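Residue numbering begins at 1 within each chain, and the chains themselves are lettered A, B and C in the order written.
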């Protein structure tokens, strides 16, 4: 008994804080915590002190003042007399727009490239390898500027269309060095009904899929879900369009004094940013997809084949569900990267949140601290939202192991 | 572009770490150099020459201040700033003064807590367009695409001009003058708007300046001048009176050629003697040597000499004195008396 | 063609298992190359319904490749394979038909890790045989009981031991109600104490009269269950015989050498 309790009787020595593995980690954590708290306190108190010394206050009132500047790409109504707050919202929506379409195209490009890189066709696999390595290993900013230079200098000037030196595609699309004009939809009477029918047909597709699954479980019959879904998606809206007498018409762009009037203008800044972000992020996603497919062992496909499953079903039921587990987590972080990288928009004059709230507003009001904090908060919220969707997915598909 | 993100973020760090000292004059003297914020490159105003030596109208102002304070016009560290990074650079103490075609406005003076130390160039915002467009007035620009530098007063003036005249336009935001030039020449915008002086400087650098016209409308008042941080009155005085000394020197006929002789021999005009410190010691009141103004004038000459050498009619920029002539010659330049 | 004619193979019916005259698999003049490597040379093999054949041989002898050719996991380049009267060609319908007749177990089990044990067993019946879910689950539970792990039905493969996984793999194949079972080294990846539980399951299957082709080095299993042992080397069938003869009186030198190595342990 005494022999066992003897080490405890030794008591606590100060050196144990550093050399004893039981206390060591606590010591290190405590020291780190003290340093971090001290550092943050120093930064905050210095900032407050210096703001005071400069006679500057900390105030978000500028968000309610008229912005005074114009923004070219608007998803909501805005003019130069709107507030800085509204300008920030315009920029935020522009950021979300380019991030959203960028994520979609990056995923499409990345998936295709990832699959093609595994192709047995030597030329295809090499070409994709060149694409992937080229985009992954050159800074994004260079691609944005390069693509912008290409789209704006290799295309005709809007005035050339009036003079007949350039002509529109299908008489409706004009690709120019200021942007691409396409016909814009005009929502006439009855458009609402059309939209409702379209939404209803999406609901119907979801319902049909549930029905198809129950039916298979009950009778074993497998319905052609894909084709019926596609039919449900398109046909009702198409029929309704003609019954309602074509409520949605197109407004075609026409040449004006300086440029095109009417139609929908997709600016080169958006095109360049979108393309560059998609191609750049797509090259990373391609590697994720390739890795994900390689991670599913050939044995899985063989086992499915041996059970008589056709290759399409094998892909859908066996390979993809497993590959997705490997692909999705890095895919989510690529979405995060793309969203944050979209702040390079100012390089080509795309008016995103960084350009309005974090750029012009800060310059015109001098509220850098407030503006940058708000901008940081915005990106933080967007990133956390994307990440939580990803975490939710990961948790729901996590493999159970012993 | 990226730099402005960086500087924007650095503002927080800047405000947090470098306490902008209230005694800039002492700091400059102790450091032995003047940190002067200039543009990233605008012909005639501030641009590095082939050897990397900064030159131009705004640069000359920095050199005059350095000469007045330190006795050496070359003791200047030029810090290139963009329109969007300039105020942060000044507020954080990274530079001691800004001399970079910055417009004096109420909000900058009052809300941003800066102090403008006088107007060195009376400017106004204009437009440049391709001659072949056949546009003769800015009022014909409805529907045009206009390149505009973000974070500038011109951006606000442009919005107001088109709003008042009930015209539509498409702004194409650009960050620097060279970017604006490239976009304008590439046809990404039909017109480029900035201060008329800047337009002249920009056009001078084009391959075929004759293909471009500067429209007659001047749509704003743009008094450009150096600025310092608010609250450091001693330093503000030094910069303000250095500029005034250059103006007064032109008015009194003191040039870089005769200033040394006038300082040595004295003059019949008492104000010249006061300015050059031969009579009374105004320099000491500023906390400077008595020959401060002599050094300032020696650095690049008086105001008129600086103007002619950098942006005047004999230079490629080719600006007439116009509003920037002395009051005695029908211009707006008017220095308070040295007394 | 074969070293043993039908009559003899019927005579060695030691464990009272019925072997019919009906041909289950007929392989004639099969050749296969991997690139320039000639992996299978002139394989001729007739398997009768109810036969239990063990295939052994040194690694790289082509034994796995041979049985993988039977359900088209590998493509043969020459010769003819007829399974249950259907000739294996590039016709997808024939391949589907044969695969639904032939079950297969792998060395590494190849269970689907994202599905439960039950789902592993019902996947193919539902999507290939178009069996209603309840019926598929009943069948699955029947076979899971048979391999003695019905209580694991709702677990995932990763939660099971290797032996249990292999038994699930056998049950999964049985759910498709195959008439022929192929085993590709089913015990090679298992710890010794788990080998027995898998072999017991296989013996039980054999006793029910399942036609089985089994690549294995378990010579105890061969002696207990097989009615024929085939020895392969360098892509050829070197020798085949009933187990007693095969082990006691091997004909070729290569067989002798192989047996001395494998039994010497």
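The rule is short, and it goes like this: a contact is a pair of C-beta atoms (placed from the backbone, for glycine too) under 8 Å apart; a residue touches a chain by one contact, two chains touch by 3 or more.
For reference, the UniProt names are A = Putative glutamine ABC transporter permease protein GlnM; B = General L-amino acid-binding periplasmic protein AapJ; C = Glutamine transport ATP-binding protein GlnQ.
Here the structure is a predicted model, which means the values were calculated and not measured.
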Checklist entry - Line, ring, star, complete or other: which describes how these chains touch one another? => result line
Next on the checklist: Mean of the CA atoms for each chain, then the mean for all of them together: which chain is nearest?
Outcome noted: A
Checklist entry - What is the distance, in whole Å, between the centres of subunit A and subunit C, each centre taken as the mean of its C-alpha atoms? => result 50
Checklist entry - Between subunit A and subunit B, what is the separation of their C-alpha centroids in Å? => result 42
Checklist entry - Using the average of all C-alpha atoms in each chain as its centre, how far is it in Å between subunit B and subunit C? => result 89
Checklist entry - For subunit A, which residues count as touching subunit B in their complex? => result 43-44, 46-47, 49-51, 53-56, 68-72, 79-81, 141, 152-153, 157, 177-178, 256-259, 261, 268-269, 343-344, 346-347, 349, 351, 354-355, 358-360, 362-366, 368-369, 371-373
Next on the checklist: So in the complex, the part of subunit B that touches subunit A is made up of which residues?
Outcome noted: 1-2, 4-5, 8-9, 11-12, 15-20, 22, 83-84, 87-88, 91, 107-108, 111-113, 133, 141-145, 150-152, 155-156, 158-160, 162-163, 169-175, 183, 186-190, 229-231
Checklist entry - Can you list the subunit A residues touching subunit C in their complex? => result 216-222, 297, 299-300, 302-310, 313, 317-318, 321-322, 325, 397, 399-402
Checklist outcome for this item: In the complex, the residues of subunit C that touch subunit A are 71-73, 92, 96, 99-100, 102-104, 106, 108, 110-114, 123-124, 126-136, 155-156, 158-160, 169, 172-173, 176
